[in-house]
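Down below is the structure, laid out as structure tokens.
Order of writing sets the chain letters: A, B, C and D. Residues in each chain are counted from 1.
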Amino acid sequence: MDMDLVIKNGEIVTASDTYEADIGIGSGKIVAIGRGLEGNETIDAKGMHVMPGGVDAHVHLQLPFCGTVSADDFENGTRAAACGGVTTVIDFAIQSAGKTLMETIEARRKEADGKVCVDYGLHAGITNWKNPGVWDEMEEAVRYGIPSFNEIFMVYRKEGWIADDYDLWQALVVSRKLGVLICVHAENVFVTESLTEKYLSEGKTSAYYHALSRPNFTEGEAIQRAITLAEAAQGNLFIVHMSTKEGVKAVAEGRKRGISVSAETCPHYLVLTDDLFKGENGHYYATCPPLRKQEDCAGLWAGLVDGSVQTIGTDTCTFTTEQKNMWEGDFTKIPYGLPGVENLLPVLHTAGVNGGKFSINKFVRLVSTNPAKLFGLYPQKGTIAVGSDADICIFDPNRKVVMDYRELQTNCDWSPYQGMKLNGYPAITISRGEVVARDGKFVGKEGWGRFVKRKAGGHIESNC
Amino acid sequence: MDMDLVIKNGEIVTASDTYEADIGIGSGKIVAIGRGLEGNETIDAKGMHVMPGGVDAHVHLQLPFCGTVSADDFENGTRAAACGGVTTVIDFAIQSAGKTLMETIEARRKEADGKVCVDYGLHAGITNWKNPGVWDEMEEAVRYGIPSFNEIFMVYRKEGWIADDYDLWQALVVSRKLGVLICVHAENVFVTESLTEKYLSEGKTSAYYHALSRPNFTEGEAIQRAITLAEAAQGNLFIVHMSTKEGVKAVAEGRKRGISVSAETCPHYLVLTDDLFKGENGHYYATCPPLRKQEDCAGLWAGLVDGSVQTIGTDTCTFTTEQKNMWEGDFTKIPYGLPGVENLLPVLHTAGVNGGKFSINKFVRLVSTNPAKLFGLYPQKGTIAVGSDADICIFDPNRKVVMDYRELQTNCDWSPYQGMKLNGYPAITISRGEVVARDGKFVGKEGWGRFVKRKAGGHIESNC
Amino acid sequence: MDMDLVIKNGEIVTASDTYEADIGIGSGKIVAIGRGLEGNETIDAKGMHVMPGGVDAHVHLQLPFCGTVSADDFENGTRAAACGGVTTVIDFAIQSAGKTLMETIEARRKEADGKVCVDYGLHAGITNWKNPGVWDEMEEAVRYGIPSFNEIFMVYRKEGWIADDYDLWQALVVSRKLGVLICVHAENVFVTESLTEKYLSEGKTSAYYHALSRPNFTEGEAIQRAITLAEAAQGNLFIVHMSTKEGVKAVAEGRKRGISVSAETCPHYLVLTDDLFKGENGHYYATCPPLRKQEDCAGLWAGLVDGSVQTIGTDTCTFTTEQKNMWEGDFTKIPYGLPGVENLLPVLHTAGVNGGKFSINKFVRLVSTNPAKLFGLYPQKGTIAVGSDADICIFDPNRKVVMDYRELQTNCDWSPYQGMKLNGYPAITISRGEVVARDGKFVGKEGWGRFVKRKAGGHIESNC
Amino acid sequence: MDMDLVIKNGEIVTASDTYEADIGIGSGKIVAIGRGLEGNETIDAKGMHVMPGGVDAHVHLQLPFCGTVSADDFENGTRAAACGGVTTVIDFAIQSAGKTLMETIEARRKEADGKVCVDYGLHAGITNWKNPGVWDEMEEAVRYGIPSFNEIFMVYRKEGWIADDYDLWQALVVSRKLGVLICVHAENVFVTESLTEKYLSEGKTSAYYHALSRPNFTEGEAIQRAITLAEAAQGNLFIVHMSTKEGVKAVAEGRKRGISVSAETCPHYLVLTDDLFKGENGHYYATCPPLRKQEDCAGLWAGLVDGSVQTIGTDTCTFTTEQKNMWEGDFTKIPYGLPGVENLLPVLHTAGVNGGKFSINKFVRLVSTNPAKLFGLYPQKGTIAVGSDADICIFDPNRKVVMDYRELQTNCDWSPYQGMKLNGYPAITISRGEVVARDGKFVGKEGWGRFVKRKAGGHIESNC
């Protein structure tokens, strides 16, 4: 056993176990778990949690959107991921008019390869659902390593991205045959658009109208509808960035009826509320769906605890204050999105584990094992086991940090969590056996990351 | 007490009571209930149920549709109503492009007045929801005697009739303020249209594809969505012609959550199934939504029994075999609709009361008292009480009749219920004190009926 | 039509209708309903509700209990009933050791006949469930006019009254065959007895410990259990004096599952709370089950509104302050019980109808029609219809009265509702055509009341 | 790293992970997991699942019962366990009259120590709940290593073992403070006893009457009641040997309400039905609760799949045909109980994993990790992790075995599963590093097993 690196004395944490042992790494893989292991290099993890690196299945790096491009590009965004303990991200290849799906995917890969600092995957974002060849294109994507089709926008009609109910239903029918996930951004387009127009026409353009134009029921209704379609299609549905208590209820009931529906929420929906829109820089916080009320946070936490909500992604889509300020006082012109991949682990550990909501094992499930299993990365990613990639976060549960965007790697000159008192922070991040971040500083190299082929058939058993 | 007519010795049946007594009628009103009453004329109702005349809140007489006009016009259709024990019908004034709502209503009244054989009301069918003056028009209609807005089509996009989710939500918001009902034809337009196109493009045009192109979930989803919008709006929702068990479930759950939602089903959804589409003249049976499965019938009956479904209307929209045959083998060209107002009472009595599903009092509630209360006709219509209009059906519970369209008054040369063995049939129908039908034959006069102003605020208490 | 008495110009209120008309009475029956009726005597009811007299299916007159006898005897108690607008009461013939059921019934009739001022019925209180002839005795009682078996005590073990779960299940099995109701006082005997002993042994004997020794779950559990047994037996269950929100939930769920379970609550559980036990004369308020919390009141009101709770009885069991004071500071020695039959209508009208919780028709259903239907008195009692007994309450909805026990007919020198501001009060009470009370004063005669034979098979359809 | 034994090339299976690696064992513990490990001894596990040994939390070895003693004693029963891949059993120390709890525990330990072939724990079976010192005794037992109190019989009144509802409630109150589990045998004693007496008195004594005298609702009711008490007490409830679909429903609803209730079912309730009682040797199958219907099996499987049921124990209580035949045709004299610890893994693997109901990881959760976590054995037992006891089952998923009692180690001359075709069987069982069974034959030594002190506070997170 030739071990390049040994992590000694840490407390290994997986989705189900917690125990003290060393981890031996060779050729980028975990090769041994034991006591008294020796290797060429050694990291002492005494007092640390040694957990699988985070898997953030929802990032939008260098995304052209709202007349600008999201500020964290593949290089920078994955550098931030590494510093936050995240070792795999899944971004999106969103079809633009006239491009085939594979062309789209290849184009996106060109942007990422050679830049990314940790491993990455892609969801295929189909926008031309009326194309008769779309089902063949899906199959081709699956063979290529992309078994999730994301985001089926129930909104963004003007952008030409919308899938109507028939398209969604058909996609769900196909999902069953291919064993893939149909990922849905669920909002009621008619209500949100008309409300938006109404507020604009009334001159109500301040940031808080972003929230008012997308009331809870627009998400709750759309999720309910998507679930009904999934039931009819016996397909596999995944709700992205769920933000409302109504959504949690719909998903929980659907799962109880035996429908294959899973859901993701984001850290910002768990710890921030829409009061922020009322502040001086309220428009900074605009993302879609908007931040909600305290009772929605509570509903989402309860959904995580009882297993109705299975994963946490960040929906990272970074815009700087300069970009945000392009809004000129009109909420419909704000580039929607928040930075986040770098904050996922510390924010969730602080609010979830230290907040007494769940155990450290559940934390690992939510930020690593479950997304890895659902999105076909497991067991290569998402656990600490012999044979898995040595994608590891050595997490210091006792480190106290006050969130400050100036200390972060993201290209963002503000933070939605600015000033938040964090309990626990990644100490060291290891990607395929290489230390890529230490104490929040990037020490890896650009282009280290690779595209990961994912497998179809991913799922999480029952409510674990 | 000057009594023009006395109905003697019958068993009076109301929504809650059953007892033997005579009814005295003067000036078109019920003026006395007692024993040994005497009047200028006398009807012996020994052995009969003496019940309030039926209130069919859902008929489409002489409706221009599918390139033809429904075959029962105001004269003939209300003659059929009279013969079937129905003393009030509510038809629709559906706005056509360029007309104001009041113009529409006045135009429709011109078609009906002087023709109708029993009293009638109108629902206002708004189609131009984007008109900024629509809310004022609604208020005007309420003052005029029309407190129900019907049908808000979630379908019929091509006809320009559709209301999108925003419109429906706004209508529901207004409904709360005005105390009116928003009546919805709930089907998912995207799925039904796309499926229809798909089948057409595949050359699948036989009658059964009418059913296949509108699967249960398209109704279930749309009802669920309408209820979610009603909840958000705190408005008053009424689901017309509900046909599926999924619909019943959604309505029952909505009512349990305290949402103001009521629902109607139709006789054909209770006793006919979609196998009929497979027969030689399967296209005759096409109506919208289509006939469903036995399990849907069962679900609808259960909903009637437990109070989740409150009224029964017929959705009468008669087309002759000649009209039906205009389809030329293409299910999308069938004039959708069935005759029915004449069959409401006997079919429901046979299948419901004789079928052991509920009592004669519940029967009266479903076909008379509940629609009268919900639609603002009560207590003028819908009960046997002193002061109410003498709209009475003397119903013979023991009469055995085999349904035969040749014996009916409708202008229809076929019947969906042909050959059905009926237990119980109207013996005499009285409209405002005048006998208008006897033993299924019309003995009244054209134009006897009047437009009835209805009141806002109609409702049924809890699950009665 | 020979009419002894005509009630003119009132607003007749039944379970489902409200309309203005006169009522003609002959030979103790309602013989006519009309306008302009004339009779030997006339009562002007202008501005009044003319409703069926109350049916209080739960009174305990001159009941030997706790070493004393309840202070309202048959004469006085029914005089109070009359003054409160109640025209029928149902009392209990509770078997004592060594007596057959029919002996028990005959003995109780001897106490009542010649004394009662309004009509009365009896529930048969079987206590010797282990007697192999018990089922035959039940059948005999049904033939005699007693189709309800009441109270099957799940408590009162020491008194020898208890029925264990097997007995209750068997009684429920028999109830299906006989079409009768098994009425249950549902409390968990083991917990209530042990808690009582515990408090006594700790010297905790003040009145509030009466409530503490019977926590909500002791009722909720017992009701749940009784419902499970009713489901297993497919029998007919009636829960008497339900006091908790937990009970309402269990009954509502049972009814939804199709189980034949109905429930009664009492005015004191709707408007009084257990804080009263903490006052100086807290022991006055001891009844069983005890008064509960505000949230229980709310739950019970909601149950009435949505139809989960069908009737209201008073559980009248009057004890004077002298009797109450026999407790000597020990809550286990308080004669449990409250006066009430005289207050039923005004208290419920005030809190229910004036309180905006339900309509006047629902009020009539709760205090008259529903108990009459359930307990086999209908249509003789419980409605305003030709042929029914002229048991009528002319209720003045506008009369303001401040409750004062000194003005009441009950033999009680205090009132749980003392000082309550009442909106609406009975003006005149008529029993079988005779005016027996006017403005709260008795004007009838002792012994006017008769034993009423009741019919098996009583029920209320769905949730009306 | 000094490794006594290495298990090579197997597929390690834990509650959440599956991966190929070697396991190194030293001093009875797992010391390394890796590839290419070397040790003094080697086992090649190519093609095998290497999983944590089974934890059977419900066995009754050498239990005096029904006038005899269960046939598998501590030596033999744990030998059978070893051969079946079970490395820890939890038996019961049931208090007899006049003994303190600690005396009882010590006495039971004397019977087991020096005999047991694998490790064991004890549940404390309190029978004298009226003893005022009982709470102190419980605390003492927890300190001793016994944090579960089992079985609180809701039945066995005659044996003096019963706890009434008050005792159970109080025990649950205490359970919260001590962080322990109250384990309940839930059946309604009144109904089962009376039904039994009834059948006996009618001469209905055949084996099928065992089932008829304990209908489903007797379990469903008792479970519901126990859950209500747990809710009131905010205590920790564990339902042993749950056998009915009604039980599953009650537990699932309780968990959804946030009540701390868990449940165990047994292999025989999953794969056998009450038809067996009708056969020639029907009395062999008598256990308590009895075998049920196919629909109960289905309900229990569904409960396992969705997480409503968390563990599987065997309730092993072996009686030979000779002992069973002591019944003399009277079902009340059958020694109730079935052999089982030896069959747990193969039966559940066959019906559960091969039967397509759940994954191999879920299998491990159900038979090992979950009982270990709930009963305070984890992480010493119940997983494959460095530092855990080397209690390992090398399970051959492809081995086909036809169940034959003659090949088993149990002292039982029949098997309820005789002739069952098993897919998968334990190949090798290792207890604290020692191979104790190979291919179904015991190769360990008597007395190898040790008493295991368990910790309070055991629990399973959410529905995992």
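Throughout what follows, a contact is a pair of C-beta atoms (placed from the backbone, for glycine too) under 8 Å apart; a residue touches a chain by one contact, two chains touch by 3 or more.
Predicted model only: the values in this text are computed from it and were never measured.
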Intersection of the contact lists for subunit A and subunit B: none
Farthest-lying chain, centroid of Cα atoms versus that of subunit D: B
Interchain centroid distance [CA atoms averaged], subunit A/subunit D, Å: 41
Where subunit C and subunit D are represented by their mean Cα positions, the distance between them in whole Å: 51
Averaged-CA centre spacing for the pair subunit C and subunit A, given as whole angstrom: 61
Subunit C residues counted as touching two or more neighbouring chains: none
Chain-to-chain touches, reported pairwise for every pair that qualifies: A-B, A-D, B-C, C-D
Of subunit A, residues touching subunit B in the complex: 164-167, 169, 188, 190-191, 193-195, 215, 217, 220-221, 224-225, 228-229, 231-232
Touch list for subunit B against partner subunit C, complex: 1, 12, 14-21, 24, 31-37, 256, 305-307, 358-359, 361-362, 365, 369, 379, 383, 385-388, 461-464
